[in-house]
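Some structures to go through are shown next.
In what follows, chain A forms one complex with chain B and a second complex with chain C.
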Partner chain A sequence: MLFLQRLLWRLATTAVTLFGVAVIVFTVVRVVPGNPIAMMLPPGATDADVARLKALYGLDRSIPRQFLIWGWGVLHGDFGTSISLRQPVLGLVLGRLPATLELASMALLMAVLMGGAAALTATRHRGTRVEAGIDVTNGVALSIPDFLWGLLLIIIFGVLMPVFDISGRVSPDLKLPFTTQFYLVESVLRLRFDITADLLGHIFMPALALAIPLAAIIGQVLKQSLKETMELDYVTLARTKGYGETRVILREALRNAILPTLTLVGVQFTFLIGGTVIVERLFSYEGLGNMAIDAVINRDLPLIQGIVLCFALIFTGVNLVVDLTYAALNPRLRHA
Partner chain B sequence: MSALLDIRNLSVALKGGPRLLRSVSLAVAAGEVRGLVGESGAGKSMIGKALLGILPRSVEVVDGQILLDGDDLLRLPPAERRRRIGQRAALIPQDPLTALNPAHRVGPQITDRLVDILRWPRARAEARALDLLAEVHIPDPGRVMKSYPHELSGGMRQRVLIASAFAAEPALIVADEPTTALDVTVQKQILRLIAEMQARHHTALLFVTHDLGVVSKVCQNLSVLYAGKVVEDTTVRDFFRAPGHPYSAALLAATPKYTDPDGSLTPVPEAVIAAVRAEVEAAETEWQHGRR
Partner chain C sequence: MLDGRGAIRRRAGARLWLSGGWLLLLVTVALFAPLVAPQDPLAQDLMSGRLPPFWSAQAEPGFWLGTDSLGRDVLSRVIWGARVALTVACIAGPLTALIGGALGLIAGFYRGWADRIISRLVDIWMAFPPVLFSILLIAVLGTGLTSIILAIVVIDWTRFARVVRAEAMNQGAMDYVAAAQVAGFSRLRTMTAEILPNVLPTLVALLSLEMGISVIVEAILSFVNLSLSTDAPTWGGMIAEGRTSIHQAWWVLAFPLVALFLTVLSFSQFGEGLKDRFDPVLR
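And now, the complex of A and B:
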């Protein structure tokens, strides 16, 4: 009951959020200097040429009016046409979205594994040098932002010891028998592990660059939460039953310690998705973020709007998932 | 020959700091109910923690032996010690609201020791848990097994914890002020329940309390602790008739009669406190001297 109420409430707020984002983006891209028409025309074009093109893209009308026309289209699944690529925005965005989702998910997975392992190891060996070492490592990982990690990784594993690919999403000479853009998922489903390996070789470094700062945050917060949980009465009682330290941590403390960590990780994950924009550019990874930068350079208003709306949708979606996971993991909410 | 539990000259100290338990000796025979009394901070809980292997990380055993079934727990390898304690001893904790894991259902918290440590088949452990829940007078045990702790009242949770403590048919149970966190009305029921379970299972009980009224009702023998030192070790009957130590006498005088709960509380006379403190300080100086 409460669960359903929560879900409906979240969906309603999501709709309002998206509307707000749409209004802001729509207005901002139109008031900042630089316009798409000037970029498209060769030098020496006449005012008449400019006016003609403006009319063609509907840019001659007032901003509220443009918004109404665009909004009406969006409600009917028409996000406009990209000015620079001359294709429907929806198709372009959907074509790139899977690449970014795969990258962000891979980064999240790596962050959870690395951060979780760090937190559990530090808790198991709390008060020793192992914990101190993990704390220092976390501190270093946190003080360097994702794109700098990307540069470092390129220098180390791309140039000094070329083990991983540093450019693109997949080797261009590979024939891809895929029907969707979810290459990684589809290669596994089709048992084409040769392609999976190639994809992993490409995704590894950008994903790692994105994962390192998040892993450090997960490591620190989860460790703190675990240490506090380990002092609680029910953990002490479990010790008297005969459980060893490792089992006490995993069985009694972990699940309760994850809850306070979860919300924070959700927020940090949205930052990670924001980070894909630069990191994709850095690794020439053909995702949404990379396309976003091109769209901004070209002042491709419809495409910028479409991409930003898509990112906003992902952010709210992540928050929704975090909220629901929290409720699902917490018996108090689940049965309320 | 030997007692079930035999604590000999146990000293526990803050790491690199002063002693919290000073050469404590205390024995519990099979089936015996021994009270452990003393004012707050005397070290009552610390004895239970040392024996159950759950001392705080800032605290360590610096001297002595804890013999359970004749084997010194402090000299067993850690894994063997944990298993031994899990099999032969159990704890009924003070605060039932925090002693159950909020993430797990009640059933597994009773059966976990049987299944994971003692390797019982799950079905047998669950049947045992159902029996125990019935024994502690929980209506509809099947439903309670599937409940989460937050769905139960404090009294119910303490019943669950009592059932859990008796699950492996331990020889010794430490009950650390098992009623102080409960409503007054529930306190009496829980006390009666513990006495009833103890009698039925012939379990030895180390009953930590600062309520002499409770001691007189459930205990046969009594250890009085002051500032980490056992100042008197006697039978309950002798204690109430003629306390052997001035501090015990003062403690008894200071306690309103359990038959007369409204009786006024007279403080322990300063002179008595000063005398015991001097005694304890002397012992501490001697110990510090010996350590150097």
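And now, the complex of A and C:
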């Protein structure tokens, strides 16, 4: 019952947030100087041509009226037509979204693996130089944002030791027999491992750049959480039973230490998704963020609105799921 | 326990000195850029384009860190780029802290309607991808130093508001606040005279971090060519240029990147070091 109340309350606040995002982005893009209509027409177009095109995109009406028309369309799945690409916004966004989702998921996976390994190793070697070294590495990894990690990786693994590709999502000369945009998933499902390898070679560095700061946070929080758990009586009991230290950490402590980390990962994951915008640009990865920057440069109002709303939907969605998971798993919140 | 504190303090000390040292060097170099820079950062010389750094056989004296594709001196451009980076950091950082901190303090201490409105705004802001938001704002405000600073303040105030709000709520529940109220302090006076000093260490650490973030935001905006004019020496602009010619002249990307890396790292470590030093529990 209380959980249901919380669910409804969170759904309501999420709706308010999304509405706020829509209002802000809608207003902001309409203050943008630079006329997208003028950019579309050939030189020598008459004023009548401009007016006709404006009417076609609905830009001749007042801003509140435009918002109502756009909002009505959005509720019916119509996000308008991109001005620079002249295609429906929804199709464009859905076409690029899978690339960004694959990148973000890969980054999340890498972050969990690296951060988890760091925390477990540091816990296993408490009080030694290994732990101190991991602490320092974590501190540095945390202070440097994904943009800089991406650049460093480009220099190191793209130029000095060219191991990975530094541009694009897939080699342009490969023929892709895919029906969806989830290339990585589909290449595995179709057992085309040659393409999988190529995709991995491209996704590795941008994903790593996004993963490093998150891995550091996971490492720190999980380590702290493990430290607290390791002092509990039941862990001491397991030790007196004669279990080895590694087994005590993995089988006894980890299970209880992992909850606080999980909720944190959820929130930090939205920051990671936000980071894809510039990292995709850096690696010329054809995802949503890369398209967003082009949309801003081209003053493509409907496309900007669509992409920002899509990001906002993902962010609020992730936060909602994390919040509800936490409420469901934490008995104190469940009954509070 | 005492030993633990000593070790932490020693480590904080080294951290403060190293990061503070780099920042001091950077400030000095930026202030005296016209005297320190060996070349004119804008001077192009197509005959001496893409000269490698000094240790290479093809290097030319006077161009210590090589030149870019237009023959501009990389070292001089890194030095002048420090001016832009530090200007943004020193104005945008404190301004963001002031606005975000004030809103967080009000929300956390007064609660009620003020808190509800501010928290809802923070929620909305958090639903924007920050990089996209900043690029969008620059498209609206136009390029230039003022726009960059404004964009940083508009986007990043939530960082301060969230943390200070939580901290102010913690402090507000403590006995000394109740004591101040009993002693007849007004709400406003309790907030500024009692809560604020206790929130200050966190605020200072966050400010230092924010200055580093401002440097990054400026670099990202100049990277996508939305900061100053294309000609102006900025680290982000140099990185963008270096990214396109990375296989021919890696140093055009590498040196501004190193400067950016050390600066951002120093700002965050300096803030952490200060926090440790002024943390009443550790002291």
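Everything below uses one rule, namely that the second predicted complex is superposed on the first by the 287 of 336 C-alpha atoms of A that agree within 3 Å, B and C clash if a C-alpha of one lies under 4 Å from a C-alpha of the other, contacts with A are read in each partner's own complex, and residues count from 1 in each chain.
Assume a contact is a pair of C-beta atoms (placed from the backbone, for glycine too) under 8 Å apart; a residue touches a chain by one contact, two chains touch by 3 or more.
The structure displayed is predicted, hence computed values, not measured ones.
Peer 1: Touching A:Asp233 in the superposition: chain B (first), chain C (second), both, neither?
Peer 2: first
Peer 1: A:Glu252 contacts which: chain B (first), chain C (second), both, neither?
Peer 2: first
Peer 1: A:Gly244 in the overlay: touching chain B, chain C, both, or neither? Say first, second, both or neither.
Peer 2: first
Peer 1: Identify the partner contact of A:Ser62: answer first if only chain B is touched, second if only chain C is, both if each is, neither if none is.
Peer 2: The answer is neither, since A:Ser62 touches no partner chain.
Peer 1: Which partner does A:Thr46 reach: the first (chain B), the second (chain C), both, or neither?
Peer 2: A:Thr46 sits against neither chain B nor chain C.
Peer 1: Could you tell me if A:Gln5 is touching chain B, chain C, both of them or neither one (first, second, both, neither)?
Peer 2: It touches nothing on chain B or chain C.
Peer 1: By residue count, which of the two partners contacts chain A more extensively, chain B or chain C?
Peer 2: Of chain B and chain C, the partner in contact with more residues of chain A is C.
Peer 1: Let me check the overlay on chain A: which residues of chain A are in contact with chain B and also with chain C?
Peer 2: The answer is that chain A has no such residue.
Peer 1: Mind pulling up the chain B residues that touch chain A in the complex?
Peer 2: Within the complex, chain B contacts chain A at residues 52-54, 57, 78-79, 82-83, 85-87, 89-91, 93, 95, 98-103, 112-113, 116-117, 148, 150-151, 161.
Peer 1: Considering the complex alone, what residue numbers of chain A touch chain C?
Peer 2: Residues of chain A touching chain C: 13, 16-18, 20-21, 24-25, 28-29, 31-34, 139-140, 142-145, 147-148, 151-152, 154-155, 158-160, 166, 270, 273-278, 281-282, 289, 292-293, 296-297, 299, 304, 307-308, 311-312, 315-316, 319.
Peer 1: Name, in rising order, each residue of chain C that touches chain A in their complex.
Peer 2: Spelled out, the residues of chain C in touch with chain A are 120-121, 123-124, 126-132, 135-137, 139-140, 142, 212-213, 216, 219-220, 223-224, 239, 243, 246-247, 250, 253-254, 257, 260-261, 264-265, 268-269, 272.
Peer 1: Which of the residues in chain A come into contact with chain B in the complex?
Peer 2: Within the complex, chain A touches chain B at residues 127, 232-244, 247, 252, 255-256, 329, 331-332, 335.
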